[in-house]
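Next come two complexes built around chain A: one with chain B, the other with chain C.
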Partner chain A sequence: MNRRDFLRASLGSAAAALTSSGASARPNLTPAPEAIGMLFDSTLCVGCKACVSACKAVNGLPPTLLGDDVQYDSARDLSHETYNVIKVYTNGKPVAKDSETDGFAFEKRSCMHCVDPGCVSVCPVTALVRHPLTGIVTYDKDACIGCRTCMTGCPYNVPQFDYDNPWGMLHKCQMCNQKGVERIDKGGMTGCAEACPTGATLFGSRTALLEEAKRRMQLRPGEIYNYPRGDVRQPSSHHEKAVPHYQHHVWGEKEAGGTNVMHISSIPFDKLGMPPLGERSHVSISEGVQHTLYSYMALPAVVLGGLTWLVKRNTDDEGDDV
Partner chain B sequence: MSHYQPLGRRVVTLPFVFLGVIALIGLYFLAERFINGMGAVTNLNGGFPWGIWVVYDIVVGTALACGGYALAVTVYVFNKGKYHPLIRPALLASLLGYGLGGVGAIIDMGRWWQFYNLFLPWQMNFNSVMLEVGLCVSAYIVVLMIEFLPTVLEKFKAEALLKKLNKVLFVVIALGVLLPTMHQSSLGTMLIAMGWKVHPLWQTLHLQPLLAVLTAFTMGFSIVVFEGSLSSVGFRRKPETHLLSGLGRIIVGLIATYLVIRFGEILVRGKLGLVFAGDLASLMFLIETALFVYPLVVLMSPRGRGNARSLLFAAVSMLLAGTLYRFNAFLITLDPGPGYSYFPALPEIMVTVGLVAIEIMVFLFVVKTFPVMPREDHAAAPNA
Partner chain C sequence: MADNEFDFSAIETRLGVSRRTFLKFCTGVAASLGLGNNAAYAMAEAVADRKKRPPVIWLHGQECTGPTEALLRSEQPSLEHLILDLISLDYHQTLDAGAGHRVEEIKRHAMQEHKGKYLLVVEGAIPLAQNGIFCKIGGQTMTDATREAAEHAAAIVAYGSCASWGGVQSASPNPTGAVGAPQFLTDKTVVTIPGCPPNPANFIGTVLFFVTYGKLPPIDEKGRPKWAYGRLIHENCYRRPHFDAGRFATEFGDEGHRKGYCLYKLGCKGPETYNNCPSLEFNNVGGGVWPIGVGHPCFGCSEQGTGFHKALFSLSDVKTHTPPNTFPTIDAREGTSSATVATAAVAGVAVGAALGASAVAGRKLGNRDADQE
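== the complex of A and B ==
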């Protein structure tokens, strides 16, 4: 093989590898075998924010205050001191709850604990980990270098960095199961689900929660349903309420591979600020590209071998130095 | 005798002092960043975790530093020995540019004191594109240091050592071609995981690595043309137009390839409407494309390539094109959703400007005191 052939062949295979299509791309990850999650039913949320303050109590976070108002935690969005927040949707004259026009609705923002988490895939130092059994995504500050790639890789802008602290770290909901808290490992439930007075935030296994969500969608609007509170598998109590007009869409069943924290609502999710996601997770594509190029470092090794041979040849030709 | 010589001019000149003042301002704000946290000097937020420190210092800065890479491929892989006189200044600029990238990575790292976790095998996440970039850039900085070592050894007349180094240098040079190919493409792959936040005109999925490495390569050649033209003007040296125009031909081929792939993707995926949507993204796309097309048109004609001035303008246009391509994808048209916006704070800009000032100061110092620039007689000969 002469140099020209080698170059042609290697350039061709490099280009093919760089544009690596489908062949070795991996499918989305599937839910962890004993996936734990939450179901947020927007139509049950009354916006009391008991979950926000419970979350802060469990995680040792300060209240976020606006001006002199110290009655309520005034957090507007997720931040290094807010892992869970209730936001409001309004349209026109906000008179009717859960109405898309001239109405209002509440929406929860917290880590969705993705089935195929972007943050876990992109973190260079394994500081973010999906638990092999529960699927809970936790964070290890001793591993983290603070590159914030997780923030770019999260479709929901969940991980938040504490920019005002020179020794800051990343902050996100770890489903109350981080080291030192471990409420789930101890058989408990998340702080927000426990505090929720209406069962709008429901705790449980992903399977049971998905069943519950789909059951609600089968109900006729106006029909009385006995809504559970706490853990869907062993509710602490129930309350009766008329069934609203649900959107027939469980957010998190399929989005980007699905999430363990799922939402249902009577307002379309794009109106509630959910991102435009397809079913395929983007990290399944980027990992596919990455592993096509670097599988066992075979391609780089072959290319390096070829390059070394060429450079040796051409420097000998020259009898020259750099 | 070496083909290179130090320029031997005075180091401390008025522009040098001016750069020094800018560097001091940058260092002042850099100190503030380490004392009071990144929030004290940057406008970073929850939706824009990466600002200009990442996008300029690393993503654009290392692409601008691809001159050494591009020339190494030309000289050692395609055996075009006539470009050899250009290689030392290019290597120096690459070393400094990648140095800036390395420094940028550290100052932008929120938990910089734990940076070594990147190098601990049991901490590594091999699914992470960022890991590949981090390791590869670190390795390439070492490679560039070794590639530049002959200049230093020559300066201090360490001939025995130089001879030994030259015997094994071919391995290092090969690595110096492989590593940038790897991490420059990965900088593109990084956009894939950013998913929907990246504007559809820049979210090319599987094509990201190819487009990234193509533009990096083109920017590498352009920076060599730019530096060559500028140093012939700035240091009043004989121009190396005959060498630079050859590079112009390579640039034409690269830009044409890039544009075919870029527009092919847009057509195939049915995104042409977005080009003419009349919003910020479409405007930025059109400016970016114009900056790519201008050098293509100018350098296509032998007259354009043969003229020092038009060569310089074409190179500048190409550098801006590649820079804007990256800025558009990573920052300007990036949309992390409602409630988030980003424009760099003045102190944040000053840190980057200060670091670039230091980079230029070191470049000026080294070319004046080390044998980096080709001898003028050598450069002027048409077929040396």
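== the complex of A and C ==
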């Protein structure tokens, strides 16, 4: 085999591997059987940030200060000390709430608890795990090696690393169910949903929340609807409010395989900073490629063989010269 | 006593209050208007000077007389004496001793005599449906009476929510077509003192300002004096820290309610109602007595489109939390804190030192090579 043939053969086998991977890629994961989630209704949010306060209290996080002048919690984005933040969309003269032009709207940022989570897929040491029953994506700091690959695997920029700490670890929302908190296991709900005064953050099973979101979209704008607060399956209370003009889109129903934390809004989601994601989860594609390439260690074996052959040929040449 | 100082001895006999009490009252009113000692003295002079007393025509439309009753029951000393003596109340249906055609005659006479100088106070809504037949005084509809009195008034004050924007009778379905004075007198400037009933201090302060300076205090686009209605109740509410921390009473008598938590979840309209209740409380009753103070959500009685329009337990729009406020924008990222800047500086120094050291080492090595050769 000459050099030309070798290169042709290796390219050919790589191409074959890639083509076959397209066919054999796994489908999107499906929601966990008893998936727990939250529904964020941007039109209900009044920006009180009670959810941010509650989150910090439950998770024992310090306030994020802007500097010496602002001595209260004023986090600008998710960070190692902020698992949940309220952001604002503004356009023109921001006077009308939930209006795309000359208006403003609030948007929440927190872990979406993907049905097919990128962070779990890329984690080399299984420190991030999707719970088989509830679908909650949790993090094990004892297993984590601090490689931060999960930060690149997440389409929502959720996992955050504590760079200032020499023993830094990863930080993200674990739906108030991490070791030592376990609010869900104890039959409670997340801190943010419990604190929310308007029901903008609603807790519940993914199925019930999806049903609630779709029900709201069927309502006529202006009609009075009795909005639940707390847990959608057994609300702590209700309040009446006129129905806004919803976008007929539940973010998280299908995006990249879906999420357990879903959003609805009267502003298109690209304006609210949601990434452009298709229905196909990126994880299913990347795992398909990777798992095909490495199945039975075939490709590494081929590459190793080729390299060995090259080295051997080169050393033989050297031997001839001497 | 300096010659230029005003002699208040007359007012002591006239109003039956001590000079000290009188000046205290004027200072209090000036302070609540955000004015200083000089203004208080100017007000005292204006009140003491009988010639400066403006004649007042006071009309009642559709209402419960609440604003007048609130004014009479004010807690400040001798307030009814002051209010009755600082203005010349020529016509007031509730307080006039006389009745019938005689009183109506006095009204017309006063309006003629003080043309362009009198102050018109409207209390109560004005029904427009069916040519205003739903409210008649002395055979005259409220619409006619208001238009007639407003024609030559020096200033018009709408006192109470009914007069300001329609009040309870303007609530759906509003069979009488009730509106407030500003909606009826669209070509005039009407100062509104909304509230159900309004705080008498807001009225007295506005009238004293008018008496003293001959003009009305600065008002907002709804005609409300900015000194009294410039801020939301939510901005100065002492339950506000509970709101910010997410501590809410969820039902009457629950733990949060007993602990004095925020009443937003119970339908408090403070976040969308402009009034000075948190500082002046309710009708000068004192002792922390106002709706939020006693554990009841604010009803939004002074706010058009809120009181009598929104359901009591429905949530209000939080107007304080609107941009531009301290909200991060959608694409905001956690900025470089001072700590990371310091870290970067340290790292820079370290890198610089390493580069310098290697450069020196390299030169030394080069020298050694040269020596060996």
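Simple rule for what comes next: the second predicted complex is superposed on the first by the 274 of 322 C-alpha atoms of A that agree within 3 Å, B and C clash if a C-alpha of one lies under 4 Å from a C-alpha of the other, contacts with A are read in each partner's own complex, and residues count from 1 in each chain.
As a working rule, contacts are C-beta pairs under 8 Å (C-beta built on N, C-alpha and C of every residue); 3 or more make two chains touch, one makes a residue touch a chain.
Everything numeric in this text was worked out from a predicted model, so none of it was measured.
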{"item": "Partner chain in contact with A:286 - chain B first, chain C second, else both or neither", "value": "first"}
{"item": "First (chain B), second (chain C), both or neither touched by A:273", "value": "both"}
{"item": "Chain C versus chain B, contacts on chain A by residue", "value": "B"}
{"item": "Partner chain in contact with A:137 - chain B first, chain C second, else both or neither", "value": "neither"}
{"item": "First (chain B), second (chain C), both or neither touched by A:94", "value": "second"}
{"item": "Touching partner for A:77 - first (chain B), second (chain C), both, neither", "value": "both"}
{"item": "Touching partner for A:107 - first (chain B), second (chain C), both, neither", "value": "second"}
{"item": "First (chain B), second (chain C), both or neither touched by A:164", "value": "both"}
{"item": "Touched partner set for A:123, first chain B, second chain C, both or neither", "value": "first"}
{"item": "On chain A, the residue positions that both chain B and chain C contact, one per complex", "value": "77-79, 163-164, 273"}
{"item": "Chain C-touching residues of chain A, taken from the complex the two chains share", "value": "46-51, 53-54, 64, 67, 70, 74-79, 82, 85-90, 94-95, 97, 104, 106-107, 163-164, 195, 197-198, 229, 236-237, 239-241, 271-273"}
{"item": "Complex interface listing, chain A residues touching chain B", "value": "3, 7, 14-15, 18-21, 77-79, 118, 120-127, 141-149, 151-153, 155, 157, 160-170, 256, 273, 275-277, 282-283, 285-287, 289-291, 293-294, 300, 303-304, 307-308, 310-315, 317-318, 320-322"}
{"item": "Residues of chain B that touch chain A when the two form their complex", "value": "34-40, 42, 44-47, 49-50, 75-79, 81, 84, 87-88, 91, 105, 108-112, 114-115, 117-118, 120, 123-132, 134, 147, 150-151, 162, 166, 169-171, 173-175, 177-178, 181-182, 185-186, 189-190, 192-197, 205-210, 213, 336-340"}
{"item": "Residue ranges of chain C in contact with chain A within the complex", "value": "243-246, 248, 250-251, 264-265, 267, 271, 311, 313-315, 317-318, 321-335, 337-340, 343"}
